[in-house]
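Structure first, then comments.
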Amino acid sequence: MLFHVRMDVNIPYDLPPAEATEILAREKAYSQELQRSGKWRHIWRIAGEYANYSVFDVKDNAELHEILSGLPLFKFMHIEVSPLLRHPSSIRDDDT
Amino acid sequence: MLFHVRMDVNIPYDLPPAEATEILAREKAYSQELQRSGKWRHIWRIAGEYANYSVFDVKDNAELHEILSGLPLFKFMHIEVSPLLRHPSSIRDDDT
Amino acid sequence: MLFHVRMDVNIPYDLPPAEATEILAREKAYSQELQRSGKWRHIWRIAGEYANYSVFDVKDNAELHEILSGLPLFKFMHIEVSPLLRHPSSIRDDDT
Amino acid sequence: MLFHVRMDVNIPYDLPPAEATEILAREKAYSQELQRSGKWRHIWRIAGEYANYSVFDVKDNAELHEILSGLPLFKFMHIEVSPLLRHPSSIRDDDT
Amino acid sequence: MLFHVRMDVNIPYDLPPAEATEILAREKAYSQELQRSGKWRHIWRIAGEYANYSVFDVKDNAELHEILSGLPLFKFMHIEVSPLLRHPSSIRDDDT
Amino acid sequence: MLFHVRMDVNIPYDLPPAEATEILAREKAYSQELQRSGKWRHIWRIAGEYANYSVFDVKDNAELHEILSGLPLFKFMHIEVSPLLRHPSSIRDDDT
Amino acid sequence: MLFHVRMDVNIPYDLPPAEATEILAREKAYSQELQRSGKWRHIWRIAGEYANYSVFDVKDNAELHEILSGLPLFKFMHIEVSPLLRHPSSIRDDDT
Amino acid sequence: MLFHVRMDVNIPYDLPPAEATEILAREKAYSQELQRSGKWRHIWRIAGEYANYSVFDVKDNAELHEILSGLPLFKFMHIEVSPLLRHPSSIRDDDT
Amino acid sequence: MLFHVRMDVNIPYDLPPAEATEILAREKAYSQELQRSGKWRHIWRIAGEYANYSVFDVKDNAELHEILSGLPLFKFMHIEVSPLLRHPSSIRDDDT
Amino acid sequence: MLFHVRMDVNIPYDLPPAEATEILAREKAYSQELQRSGKWRHIWRIAGEYANYSVFDVKDNAELHEILSGLPLFKFMHIEVSPLLRHPSSIRDDDT
């Protein structure tokens, strides 16, 4: 089941650099593991912004929340979720 | 080059049904032809709304505008465009 | 799987009364059938507004959209959807 | 009498962890006691957000405010309240 | 129990004048009857706007909605409701 | 002359408690003195919010500003003012 | 007593031209009479918009509302009112 | 050439009082010198807010920006600028 | 003197096509004449929207308003104006 | 390919002055180098605001993001990007 997610990141400017670096490294590893598992299907950077549009493929709302609330940057993010489905004009039979 | 597009459709309730039907048929054909060409890479319905999130792969801004302004429903749509690029945490080498 | 839905109804003031009456009767029957099936778990009127807060229990996003886009009043509604899940502080084991 | 409440939590990132832990434990106990009493009828997590939708069943506005302003997290919350009532299309005789 | 209500009136400019006059006369009579009963405790015009701030004293949310949805101008109004209670700094023992 | 005022209070969470207590005590005394004088005609708590709706009866805009800017909590408040007048549908001859 | 007023005009595009011309002529005469009386102290056009910023000098809120609601274009306007007073940094003793 | 300016002041509550006092004294002197020169034609306090509406008479956009960015409180202000001109209904020949 | 202008066009869908065609032809001629004169220095289409960003070079606010309010599409436009000036980091001595 | 960019700068008031000075010097050098290369085609100050409107000419979205995210002030900026193209009413054959 697909969800469209926009994440805006806002790291406090006075966060100690070492702490920021450590969080960002964990964030990247966490994201890539979920991408490899197929649950984080797409992630795109939005030009000019510290933000991304992502598409998740999860089994239900609970799994989506578990993933998002587990993001190392979660406390510094503003997140908006929209449930998606196959569009009736899509040329494909599945939801890709 | 990728663009994220949100389209909200608002057809006037008093548009003659025959006219609406005809526009919607043209819209679907137009969309599917662009999907087949690879320029309209993704289209998803947003649950509960007469709206979609789409991803376009075009050669430049002008081609994007030509496609969007040519939508049969263009005059009944509110459209928001965001330029995208590969995210640095993506596990893929290209922008998919 | 639960979804929180807010529906705001805005019927054009010049819609012929007979047409409005007919749509509203169909809307009520449609809603009650879904309530009896358990898919439309709650519906509450918001005091002072032509609007409701509802909770749906469906198997996925596609079923939610099928239900909402099938509302006889759909074209006169503004709808906002939020995916829900069991709250960690809930005293119940399920999502009620 | 029912009220729909949305609570958004925003804990300052530099709050000492021990203080945060203590507040969250009190919040959970406070919420569960009110749930057991029947006054906090529903609480659902909103997927992807540090927020919840709740339904309260209280005897009047004053009791609602006493409950909400007594939340251990109250000073870190943004709260929106909407008075609810039985919907005329509900299949139930009461306001559940 | 008190509720603060803001009502913004927006009568379509092409409503036949006779119809508008008739609705406004019914609106005034309806409002004055509720004022005399004590349920519509205050009504003030907001300077420069076709709008009012009102305070209602009703027994519950259902009665408030019955009153507001029964306004002859209801279909031409945008209404916002806020539940009120006695302020802890008030010098009076009741909610006046 | 009447003014409708909404005050939202936002005290910084790290304000020393003794300082907060002292300001709140002065705020209450200040408010009650103005209520007794008749200039602060009504004050109601808004359920679930650290906010109030008030009605002031002052001789002019300058007096209103002198009162509001003199609030001990003024620097922690967001304030919105609307000038009021007797509503033409009021059953009373004055502006109460 | 001074009030700052912003007026945005939005005349329906299908209003018969003769009717529009007649209303605009009355609007101009009405405005100029109030300017000559000193009650409409300033009126400025906002560049690029069908809108104006004005300053009124009236004896109270009721007079302000009587003037604004009497504008021939009132039903086609969106109006925002802010009560003004002499600024403490003004070099003048009065409110000009 | 006239410009309408709204300035909202938001001084951090933990700015050292001596620093705040010093800035405010410079702000007042700066404003009064510009008022005397005729460039800051009007300044009015907005009742209930730490804000003002002002009208500037400058030779061009560059001079306006030089004045506004030179305000001692500039870094604590939110400023909105609207270019003004003589209104066609004005009874005066100039832009006063 | 430069002004940044955003124009959003919204032509009523039921405007007779001949009338729309005629207005659009006049709009184009009007715009091109001003471009040739140097007063309308830049005009760019915003991808996906019936809107443009433009830069005008005029002698004062009055001339800007005369140009904008004379646009054949003016009554179908929403316009936002921002006064511009040379940026201190510009590598050019003028405002280009 | 052109992009319209609005940048709003918000430097924390308690950033050490030496640090601010150093960042601003780097920002200016960075901007001027990009202007000389032709990629940062225009930059204009918005009167009364710590903000600019800019036009970039880059080969794709990725290059735009590389430039913007490399701004020394990036972490203190709010940025909005709009893809541009030649307007059909332009008198020029290219996108200038």
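First chain written, first letter: the chains are A, B, C, D, E, F, G, H, I and J, and each begins at residue 1.
Here is the rule we go by: a residue touches a chain if its C-beta (ideal position, glycine included) is under 8 Å from a C-beta of that chain, and two chains touch if they have at least 3 such contacts.
The structure displayed is predicted, hence computed values, not measured ones.
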Rotation angle (°) superposing Cα atoms of subunit A on subunit D, nearest 5: 70
Chain pair equivalent in interface to H-I, over half of contacts matched, among C-E, B-C or A-C: A-C
Interface composition of copies subunit C and subunit D: same or different, split at half: same
CA centroid of subunit A to CA centroid of subunit E, Å: 45
For subunit F, residues contacting two or more additional chains: 2-3, 45, 47-48, 61-62, 64-65, 81-86
Every chain pair meeting the contact rule: A-B, A-C, A-D, A-J, B-C, B-I, B-J, C-D, C-E, D-E, D-F, E-F, E-G, F-G, F-H, G-H, G-I, H-I, H-J, I-J
Subunit B-touching residues of subunit J, taken from the complex the two chains share: 1-3, 60-62, 64-65, 81-86
Residue ranges of subunit E in contact with subunit F within the complex: 2, 4, 27-28, 31-32, 35-36, 42-48, 52-53, 55, 82-91, 95-96
Sites on subunit I touched by subunit B in the complex: 11, 13-14, 45, 47-50
Of subunit D, residues touching subunit F in the complex: 3, 5, 12, 15, 61-62, 64-65, 68-69, 75-76, 79-81
